[in-house]
Amino acid sequence: MNEYQEIREKAYAANMQLPKLGLVLFTFGNASAADREKKVFAIKPSGVPYEDLSAENMVIVDFDGNTVEGNLRPSSDTKTHAVLYKHWEDIGGIVHTHSTYGTAWAQSLKPIPVYGTTHADHTTAAVPCAPPMSDEKIKGNYEYETGFQIIDHLTEQGLSYTDVEMILVGNHAPFTWGKTADKAVYNSAVVEELAKMAFLTEQIRNDVRPMKDALIQKHYERKHGVDSYYGQ
Amino acid sequence: MNEYQEIREKAYAANMQLPKLGLVLFTFGNASAADREKKVFAIKPSGVPYEDLSAENMVIVDFDGNTVEGNLRPSSDTKTHAVLYKHWEDIGGIVHTHSTYGTAWAQSLKPIPVYGTTHADHTTAAVPCAPPMSDEKIKGNYEYETGFQIIDHLTEQGLSYTDVEMILVGNHAPFTWGKTADKAVYNSAVVEELAKMAFLTEQIRNDVRPMKDALIQKHYERKHGVDSYYGQ
Amino acid sequence: MNEYQEIREKAYAANMQLPKLGLVLFTFGNASAADREKKVFAIKPSGVPYEDLSAENMVIVDFDGNTVEGNLRPSSDTKTHAVLYKHWEDIGGIVHTHSTYGTAWAQSLKPIPVYGTTHADHTTAAVPCAPPMSDEKIKGNYEYETGFQIIDHLTEQGLSYTDVEMILVGNHAPFTWGKTADKAVYNSAVVEELAKMAFLTEQIRNDVRPMKDALIQKHYERKHGVDSYYGQ
Amino acid sequence: MNEYQEIREKAYAANMQLPKLGLVLFTFGNASAADREKKVFAIKPSGVPYEDLSAENMVIVDFDGNTVEGNLRPSSDTKTHAVLYKHWEDIGGIVHTHSTYGTAWAQSLKPIPVYGTTHADHTTAAVPCAPPMSDEKIKGNYEYETGFQIIDHLTEQGLSYTDVEMILVGNHAPFTWGKTADKAVYNSAVVEELAKMAFLTEQIRNDVRPMKDALIQKHYERKHGVDSYYGQ
């Protein structure tokens, strides 16, 4: 058995969830799964239709973005994944999609406010929106810089990547992550739903305010706190 | 046969309808079915994916919220169900979802006005929106208080739970109920559709007014009045 | 073979198209097919779920709204169908749905303007919206009066039922008709699509104007004029 | 084997993709595939439902719009296809749909601005919107003139048909093209998604500005430039 078989399978399964969840059109998305000990991750090959994917054609890449194994070119966003894996020790999966509502918020350069408990069940913060980079960085090592743009924006907002597992990259689209590739996929569906609900909420009431803090804390804590009582 | 088999089956069937009707993402919802004589209800276990549900893993809970039978932890919203069953003698089922449009209205803290006959076919009142609770209640016995928040808001609005089988909990999402779990599921699909139609109506015409009272009464009566002539 | 078998089959097939086309939730719609020689029509029984329908349980009703054959109660909107069949000699089918976007326009009491060729391919007029009836008529023979409300509003607008095969009943929802029940179903899907496109158009540009007349006439004529060249 | 079998198959496959991608209601769309050597194209017959299509009933038409082979009348938009094939030497396929969001933008007479990388991955320009034609042209050889309207508007905007493979025809709907019929279908799904994202973006933020040029160029170049690194 291939020494990377486990992350190949995980990355393949995660990628295949994206069209099923209605999060990607054609090849507009990619998921990866990391092996933290070997310091590599398996990622979707670039531009290959989902119906042609297999665990075998996932590309194995190290945390500096170098291909370790595989005949296909990895996703064009590979360096962004590599930067996040390298700097965030506790994540095991990353997903990037151009899901419709999440992308619309990213295009509007606005964070998604915490309007309800659906949001607070996942994070106490607005889903942050990293601003577009300088022209210099865009023209430089673009995907690599995108990784740092994500990391830096979280830091500037005083947020931890373990507390907020989703971000909008301004003018681009959402990136999500998590302990596992499955969790990152879950987060990408969640951010799309939060984006749609927040859009509708602002349309229904243009003077809407974020939810009160006590309710934000309550819902986050019941699912993630030390005394959480959600799930088994 | 298990003495709770009937409500287990009903609760299971009701829960499984929610993803089919497009009302839940992942595990964002729960349905329960009550046995009014035994004063217990069967409810979805917390955080278990719909594909792993069975009649057998429904949790049996009494009207004070204590687990009577079952190895899994019941839905985190169980106490809200318990309070409603305890205080409303004529209901046999409760459903809670975070359906998209209903949740957006709840997040906007606005009741859904009666704009058309689709609404009046189900109730003569705007779908009420209970305000968020005080911080004290939120930090206290939250889900239990949510039940009272629902009951109290209906009372304040002069509404009966037999006339209005649906409510929005502000900043949270819809709760629905009915004589049976099936009817509660039906009501959860109805409130989502009413929420979508009302959203669109206000977008099409920002000075729209609720429908005239004669038409509201007519449609409600033809379906629910003593001389109703809808259905068989 | 039952003497009404042909219209039973047609009405059944038409009704079954409605959920497939996404035009009805639960039982919120009904289709009928007429036998103009026998002066009767077959219509959906009231409140029966689509999965329980069959050609056999369609109800046969005459043009005055009296049940001629069938053990089930006909649709609560039967008298509206009867009035239209009685007064419009050239129609063979009628459909009523509460489709989401069409109903939202009806709730806004606004006709759907001709914003594009998709609309003009079907009619040169805005889809009319009949105003709500007087309280007296609502409290009287409501469904019967709804038929006249439709007929009278078309007349007031200077429109012929052969040129405009769809209408919104204010605060209620769309009714459509046509030479056949199939055509009426087709028209009910068309009015929903026109309603959605017009809603979006006004959102994208709040000062949008109806399409120029030459283009309206061209598209209508190429499909319906004496020199039409659409179709086979 | 029929000498046009290859383009028959391609046109058939392209047409069948349209309902699968949710881009057409009933028969509101058509796709064609060209044989540039024989100077003919295969196109959908007019008004024939998708379920009745086959490679065999595609109609073969020359670049002047004359039917070369086939018993059915070709799509009513055939002359528009013919004009584009005749004047644009590098295209092998054309698709026309009335997809919902693209049509709404066409009805609003507004080009779709470049709000994000999803757009820039496909073109650096706003999706152009050709204005409605003069009444004279509409009343004249309408579909033929529509072809020239498309060509002329691209030219006026300083755009090349190889750089921008999609356009909105004002008050009508999108047309797309490409090296192959498959690529034209792909572009028709892309323009619908761009239209939806741009609509939402403007709703979320009414003072939104197009994306900065460096980012537009970067995304276009990484997919289409001489040093592109997207795909295999």
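As written, the chain order gives the labels A, B, C and D, with residue 1 at the start of each chain.
In the analysis below, a residue touches a chain if its C-beta (ideal position, glycine included) is under 8 Å from a C-beta of that chain, and two chains touch if they have at least 3 such contacts.
Predicted, not measured: the structure shown is a model, and the values here were computed from it.
Trainee: Could you classify the chain A-chain D contact as same or different, where same means more than half of all interface residue numbers appear on both copies?
Mentor: Since fewer than half of the residue numbers are used by both chains, the interface counts as different.
Trainee: Taking the mean of the C-alpha atoms as each chain's centre, how many Å separate chain B from chain D?
Mentor: About 46 Å separates the centre of chain B from that of chain D.
Trainee: How many angstrom lie between the CA centroids of chain C and chain D, rounded to a whole number?
Mentor: 33
Trainee: Spell out, as numbers or ranges, the residues of chain A touching 2 or more other chains.
Mentor: Those would be 203.
Trainee: Name the shape of the chain contact graph, picking from line, ring, star, complete and other.
Mentor: Graph shape, chains as nodes and touching pairs as edges: a ring.
Trainee: Which of the residues in chain D come into contact with chain A in the complex?
Mentor: Within the complex, chain D touches chain A at residues 115-118, 186, 189-190, 193, 196-198, 200-201, 203-205, 208, 211-212, 214-215, 218, 222-223, 229-232.
Trainee: Report the residues of chain B in contact with chain A in the complex, numbered from low to high.
Mentor: Its residues touching chain A are 25-26, 28, 45-48, 72-73, 76, 98, 100-101, 103-110, 132-133, 135, 138-139, 142, 171-173, 199, 202-203.
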